[in-house]
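What follows is a set of structures to go through.
Across the two complexes that follow, chain A remains constant while its partner is chain B and subsequently chain C.
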Partner chain A sequence: MPDDAVFWVLAVPAVASGAMVFRLDSMARATYALLLSLLCVGGLVIRLGLDYLGVVVILMMTIEMALMAVFMVMFMMNPAGLMPMSMLHNKRGAAAICAGVFALLAAGILLAPWPRRRGRPDDDPTMALGESLMGPHMLTMMTLGLALFTTIVATVVLATGRGRYDRFGDDLRARRPADPVRPGARR
Partner chain B sequence: MADTAPVWAVVLLPFALAAAAAVVAGFDAVLAAAAERGRSGRPLRAAPAPLHAGLRMLGQQPRRTAAGDPWLGRLGIALVPVAAVLAGAVLPWGFRAVTDPVVGVVWFNAMEVLAWAAVWLAGWGPNSALSLIGGYRFLAQGMAYELPHMFALTTAALGAESLRVGEVVAAQRGLWFAVWMPAAFAVYLLSALAMAFWGPFDHPLGRDAAGGAAAEYAGVDRLVLLAGRWLLLVVTAGFSVPLFLGGGYGPWLPAWAWTLLKTAAVLGLLVAGRRLLPALRMERYMEFAWAVLVPLTLVQALVVAVVVLGR
Partner chain C sequence: MTLEPVLLVAAALFCVGLFGALSQQSVVMLMMGLELMLGGVILAAAAVWRFVAPAATDGQVLVVLAVTVMAVEMAVGFAVVTALFRTREVDMTDDAAELKG
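Here is the complex of A and B:
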């Protein structure tokens, strides 16, 4: 019974604030409505007994949404929501697609022959997760990590206004980088 | 080792943290008075000054700004003390914390990060350029603080082979982590100040931005934001005791007394040390954080990992 109460207390705000993302005009509000939704999801994951994953969802999503607010304010029109605007486009098409996908998924849930549960959850799900990531799925995780890291480096290289040729000269021979402020690490 | 405290501790926790924050703020006021007027100026009389200031703020009219977003602003303000208290829930007093979840260390970090986002919200709220600058500052600087901070937390958890705060304390029965993880401990103390945006790191509320994120707040709003910052400082500094200073372990005295002594020592060091340090120039500290502190904490974590594997 208390478990059910916790589920509903987290599930209803998760869906409601997720929907509010599309209703709110202000990008800051929309971002933090999304954060609220994700925090509730993190709570639900904890409720499933996956403490580590749940708290990491809370930690990571807070960092991500705090940063995303910057980009939303930077790139979206009407960042502060002082003018009415809508985040909905192609309303009819989107509604039809949503209804179709919902019907499909619901039918799948109801019609699929679900397997019976075999085995029981590990005593320490955090440990089991770590062993799974570092054991059988090591290759996947390493590839994923490398791909993510490459993406980050590539994005920074593409986005940076001052590269090494600006800092160290065309032949990269300058002993001190020509930076507008003196570097803190005294290189 | 670590037990969960009785239920009434949940009610007591915010008040205990608030009392600790008031004492630390009073200590800071005494030091400030001593620096200004010298010993003959009776600096001890300044101890209740933060409380007086707080009471005065209670009577003030909150300020309203045109076309602001009071919902988000108030949410941000309230989140600072709330996140500090939630983080304090895993802080053991002696060997007992309000709660000791299996992932206590991660929980603590998640709550700190919530306070980080809250400062941006507080700066965004009033629709004022200076407070917005304050909020954005902390967002940008917070990344440079958070990564070494996270690695320092990870190192302590690695040394104990557990994310449970109680087990981190239990692993220090023989040797404090501060002794064999000095780099992680130093980085933790530095980033504890930074995550509480206090002292040399108070740029989000800096004077050069006319008060930054707090510029437009008066009355209760201002009180909650500034008191929340002291709470955050007490909690982040206090967490170094179970992480690196052996929690309640110590000879002769009971565990709660050791926790109190160690926490007071860390806070005293940070608050008094702030008087000895110049204000940090952020553009330099940021590079220092990324180029020196991050590799340093990574190497420290590597050393600890090798030791843990070898034993």
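Here is the complex of A and C:
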């Protein structure tokens, strides 16, 4: 049963390090615990036969967690975890809701009459995915593209501290930018 | 490997993430919880593709969708945190409750 063994070797760390994210004191360590959890998810996706998507998940998560570590150090207290800390509110309520949701999901998973497997996977699932995204699922792909583009614009607008409208006025007609610091070497 | 264990692992990931999203005070930690929840969704979609309908590509497209949602969530989340911190020096959810109903 090597297949099952590999599954559990990836599944147990995925859930365990996911839980460790909210137990570790250090933000940097929490980030890497999350990275480990999502890398295991990527590995499981590869085990399930979706090589391309699994690699995409792994690459994306690696970069994302590297960025997240930077933000952690920027925004959070105690990034090094030198002292124990807890930043929870309503811990009991949250734990109860999560236990309830898990019980509900597990009951559904175990009791539902799952349909029998229909068809066989394509020899090359990645090719099938590409053809599907460029064919019948084109609308999905276009919506995703538009959403990503909107995200780029929205994040730049949100994260910009002083844009050109702050500097040159609402009609952009000011001759000199209203900067707090004058330009040039002589101040 | 069968469908049910994979879905159970996905549900466990989802619920651990839900706990983080509900209980964490820091916005960045809250986003980590959301990432874990989406990780569970990705795993569940891949499992359904493999064990229920491998001939259709809908499961794979769902994984692509979840990965995109992850990227968007992360980018917008950090942009909101940056904007919030810049204007009010706030990085905790409890201090940013103006829109609470």
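A few points about this structure:
Operating definition for what follows: the second predicted complex is superposed on the first by the 158 of 187 C-alpha atoms of A that agree within 3 Å, B and C clash if a C-alpha of one lies under 4 Å from a C-alpha of the other, contacts with A are read in each partner's own complex, and residues count from 1 in each chain.
Criterion: a residue touches a chain if its C-beta (ideal position, glycine included) is under 8 Å from a C-beta of that chain, and two chains touch if they have at least 3 such contacts.
Keep in mind that what you see is a predicted model, and the values were worked out from it rather than measured.
Between chain B and chain C, the partner in contact with more residues of chain A is C. When the two structures are aligned on the shared chain, A:56 is found in touch with chain B and with chain C.
Contact with neither chain B nor chain C is seen for A:24 once the two complexes are overlaid on the shared chain.
In the superposition on chain A, A:72 makes contact with chain C only, while chain B stays out of contact range. In the superposition on chain A, A:144 makes contact with chain C only, while chain B stays out of contact range. Within the superposed three-chain model, A:11 lies in touch with chain C and out of touch with chain B [touch as defined at top].
By the document's definition of touching, of the two partners only chain C reaches A:120; chain B does not. The contact surfaces that chain B and chain C form on chain A in the two complexes overlap at residues 56, 67. Only residues 1, 3-9, 11-20, 22-29, 31-33, 35-36, 39-40, 42-43, 46-47, 49-58, 60-61, 63-65, 67-68, 70-72, 74-76, 78-83, 85-86, 91-94 of chain C touch chain A when the two sit together in their complex. Put simply, chain A touches chain B in their complex at residues 26, 28-29, 32, 35, 51-52, 55-56, 58-59, 62-63, 65-67, 69-70, 80-82, 124, 126, 181-185, 187. Residue ranges on chain B touching chain A, taken from their complex, read 67, 69, 71-72, 75, 101-103, 106-107, 109-110, 113-114, 116-117, 120-121, 124, 127, 136, 139, 143, 146, 163, 281, 283-288, 291-292.
Residues 3-4, 7, 11, 14-15, 18-19, 21-22, 27, 30-31, 34, 37-38, 41, 44-45, 47-50, 53, 56-57, 60, 64, 67-68, 71-72, 75-76, 87-91, 93-95, 97-99, 101-102, 105-106, 109-110, 114-115, 117-122, 125, 128-129, 131-133, 137, 140, 144, 147-148, 151-152, 154-156, 158-159, 161 of chain A are the ones that touch chain C when the two sit in their complex.
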